[in-house]
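Encoded as structure tokens, here's the structure I'll be asking about.
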Amino acid sequence: MGASLVLAYDVLRPEEKLICKAAERLGVKVQLINVTETPLPCDCRCDAAVIRPVSMFRALHAAAALWSEGVVVVNDWYTIMTSGDKVLAYAILRREGVPVPRSLYALSSRSLLKAASSMGFPLVDKPAYGSWGRLVSLIESYEVAKIVAEHREWTKSPLLQHHVVQEFIECGGTDIRCIIAFGELLGCMRRKAAAGEWRSNLALGGSAEPYKPDAELAELAIRASKPFRGFFVSVDFLHDRRRGYLVNEVNGVPEFKGFIKATGVDVAEALVRKIIEYAKK
Amino acid sequence: MGASLVLAYDVLRPEEKLICKAAERLGVKVQLINVTETPLPCDCRCDAAVIRPVSMFRALHAAAALWSEGVVVVNDWYTIMTSGDKVLAYAILRREGVPVPRSLYALSSRSLLKAASSMGFPLVDKPAYGSWGRLVSLIESYEVAKIVAEHREWTKSPLLQHHVVQEFIECGGTDIRCIIAFGELLGCMRRKAAAGEWRSNLALGGSAEPYKPDAELAELAIRASKPFRGFFVSVDFLHDRRRGYLVNEVNGVPEFKGFIKATGVDVAEALVRKIIEYAKK
Amino acid sequence: MGASLVLAYDVLRPEEKLICKAAERLGVKVQLINVTETPLPCDCRCDAAVIRPVSMFRALHAAAALWSEGVVVVNDWYTIMTSGDKVLAYAILRREGVPVPRSLYALSSRSLLKAASSMGFPLVDKPAYGSWGRLVSLIESYEVAKIVAEHREWTKSPLLQHHVVQEFIECGGTDIRCIIAFGELLGCMRRKAAAGEWRSNLALGGSAEPYKPDAELAELAIRASKPFRGFFVSVDFLHDRRRGYLVNEVNGVPEFKGFIKATGVDVAEALVRKIIEYAKK
Amino acid sequence: MGASLVLAYDVLRPEEKLICKAAERLGVKVQLINVTETPLPCDCRCDAAVIRPVSMFRALHAAAALWSEGVVVVNDWYTIMTSGDKVLAYAILRREGVPVPRSLYALSSRSLLKAASSMGFPLVDKPAYGSWGRLVSLIESYEVAKIVAEHREWTKSPLLQHHVVQEFIECGGTDIRCIIAFGELLGCMRRKAAAGEWRSNLALGGSAEPYKPDAELAELAIRASKPFRGFFVSVDFLHDRRRGYLVNEVNGVPEFKGFIKATGVDVAEALVRKIIEYAKK
């Protein structure tokens, strides 16, 4: 394709290697930038930059630094920030009228205990920041809420001391992940939690299988992704018996190794192809 | 005025008390919400909400939570986020062509040392997050850069481990703070660092005096504030002998007690008046 | 008494004020040293130093610094260290054959989960360091153990990531605190947890009443305190139906405001009197 | 030798592998215990336990847990604690009359600035805890002292917020490490700091060469190690032109890979041999 990409990373996961291989197959040159080694912005001449650091704040700042130089970035800082911060993400979804689990935001331990009392048990507590189900807790009683409240204070980080407190959606430890690239739904998979775990994250041992979306889900996935203005995002859904699909999370730097394995969709190639098409326009 | 405001806070500083008093004088009802006590969003019926938590992430999340309910918020989460994160702020200013000090972003200690070597000394190092000059360091040699690099790692917080590395603008420990409300420049003050301190922050003992802006500064202050989409922001300038005014910082939840004292401008009253005018439109 | 004391402190609690008043009544001069203000060792001429910082490490280091100068310190760093670190404290008690709850030490989250599995539920988990019941958790299931294990990792502090995992001694939320000064048992109180709380700490709302020790308890309190080599310590007991008194904690900088209220024993005066007697020998 | 050892570790460094090989050569059976995997105390039947975790608190707690069961531990918790905490170490050396650099202990940032002002520049600032020269800073001016003071506060750890403030001993970036096992000096090496670094730690790129101790050093090394009651420790010396040898640090879990390379002394074999001899007595 005679094109060139920058790939900004901190750790080279299978996803980043797949992107490099897809680019090679497509004749796209890739320049790797380790954002923990290289001051930014660096003088990078390219058609676009793919932002892939594992750390959310490294991704955010790499995206901002490259964007400030006029580079097309996938995704840009707005997408990474608004999806990476769960309070912002739910606020945006709610404002847009996209269905989400009933949620309260508690900005302190005291506030968490009040939110828990008013919402009842079981409930789910998530820190405002974090991936792979990190510190996401299923709280079944006020006693456990107190344990979580007290422990979270000792993380001494505002990123972990702000709580999203949510109703627990009973769906047997499953959720559905949709991946969307440049407005197109690439596919869906259903994840199922490992035995003895209620969180479906693959990083916590969950398993995945392909999932054929109905029209409602396909439409909702696109609609949910729009206000985050991302080129390449995943949207995770819980399925509530009464209310149907609820958005549980949006991810602006999605992992997709397990998704490829479950669905057979070559996400890396689709991504590179679409980025170059977009950048060349 | 028959109107009502919510004031979201965590600590009641003089600024918040001044806003309450101004509202009372203007016949505006104020409902105080301590965001460390009350789960959000709360059922608050009001014409607008003033977001005043001292903690940047509390301000961010309070703004997002209230905005998600359809409330007019001053400022909204976009302003608080983009001004509160210095990498985002400089990226936005740079992209808009607003003059700023020459800056590199270093997302690790190793990267800081490379940035310092390439930029030369003295230089200024700031963490991506922080107010009141916190951890802002004037680094005069590579040896001191190593001390800062090593220490910053042990904060174990991504918010403090990302560095803005900047040329040192020699201006005798002074800067100029402009406050802008709803697109109007309310006034300017010149701050001067305390003896034995190079940072001009009033929290670090700096003193303030009124400053009459020339047309260039007045125009630049408005232009710098625009891309942050804030209703009520401060913009701080350094004055470089050759290049003139350079934006050093934008603040989305500005303190203004010292500003009132120095300039005589009743910021609190202007703010309340303008919010109500805006909300009633 | 013509004597003089140094009182090393960080926060002046009621206890420190009571010590000052008792000293005044007894004609003992007191020099206050705020260890967060004054580099140590400082040139303090005195008969002895009372070590009272709230922070365990401030107490430890203040004691060590003054002791290094030849000052008699109450208590010395050995007592503060061995009682302040719960792993050391239980190791010492076990080695001495003093009865304690059945305990395992887990130095990581994985190890905590193994210890919990082998011990069964309910169990009590405590960080190696901490006062006032901080982060002490009653864990009723493996699911809650996982929540605690994961959260404790994010404190990122070795002091909180090492766990003492103990059988839960069912004694109705009560424990018995004994205070010992220079080998003499000054008295005992029974503490009872507040409603909705299982920990009996007064800081968590517990109430206190005097408790008349039987000969077994009186002997055991003295015996438990000995290996910590402290002049002034408290020993807390749980009462197990089958095994009788078990030592739950030893404190090398004990608070005693609540103890005085419950028992009427003038701890401060006894302490000052005994220190001076000891120092004058 | 028909004997058996437990080796408690967290990371298997070259040192631990050398101990295993030496034991094999000597016919000593070794049971490896990963203290981050195994709850302690574990039922370990052995003649003695070698405590080798890299983390100081893991070493401390592993030593205490095994000791509580009656196991002979090398080194025991007392040695690990008193050498691992630099305030305790200097206090003990001072009390024993062993020459050390002039030192003050500052338990806060404010106190550090006072200590720096009174001591003058250049000076060395070390946190109370840490190995491999971590956060050890050569401070050449009050401005740099302020940078260190402010940064150290944001580590939010009492282990790093307490400062040892010392005169800078000018000795060309060199120090002398002595290793002592069961009261016998095994040898000495001289370490020299890498180019552009003043700290001589091998972990920071320093180089090493054998050093033949004179009688004064040999005697002082033994004398300095005694009050720490360790079986196997290193003692590091600075050489001051006027005062001669000053103890700079004692280490209760010494690394010795570089020492073997520099001196040819088979530390691992000597250690295993002496432990078994001691345990069999």
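Letters are used for the chains, namely A, B, C and D, taken in the order the chains are written, and counting of residues starts over at 1 for each.
Just so we're on the same page, a contact is a pair of C-beta atoms (placed from the backbone, for glycine too) under 8 Å apart; a residue touches a chain by one contact, two chains touch by 3 or more.
Keep in mind that this is a model prediction, so the values were computed, not measured.
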> Which chain pair shares more contacting C-beta pairs: B-D, or A-B?
Replying inline: A-B
> Which of these pairs, C-D, B-D or A-B, matches A-C in more than half of the residue pairs in contact?
Replying inline: B-D
>> Please tell me the distance, in whole Å, between the geometric centres of subunit B and subunit D computed from their C-alpha atoms.
In response: 46
> Between subunit A and subunit B, what's the gap in Å when you average each chain's C-alpha atoms?
Replying inline: 29
> On subunit A, where are the residues touching two or more other chains?
Replying inline: 156-157
> Can you list the residues on subunit C that touch subunit D in the complex?
Replying inline: 10, 35-41, 55-58, 60-62, 64-65, 67-70, 77, 81, 85, 87-88, 90-92, 94-95, 104-108, 110-112, 114-115, 118, 128, 157-159, 162, 165
> Which residues of subunit C touch subunit A in their complex?
Replying inline: 134-135, 137-138, 140, 142-144, 147-148, 150-152, 154-157, 160, 196
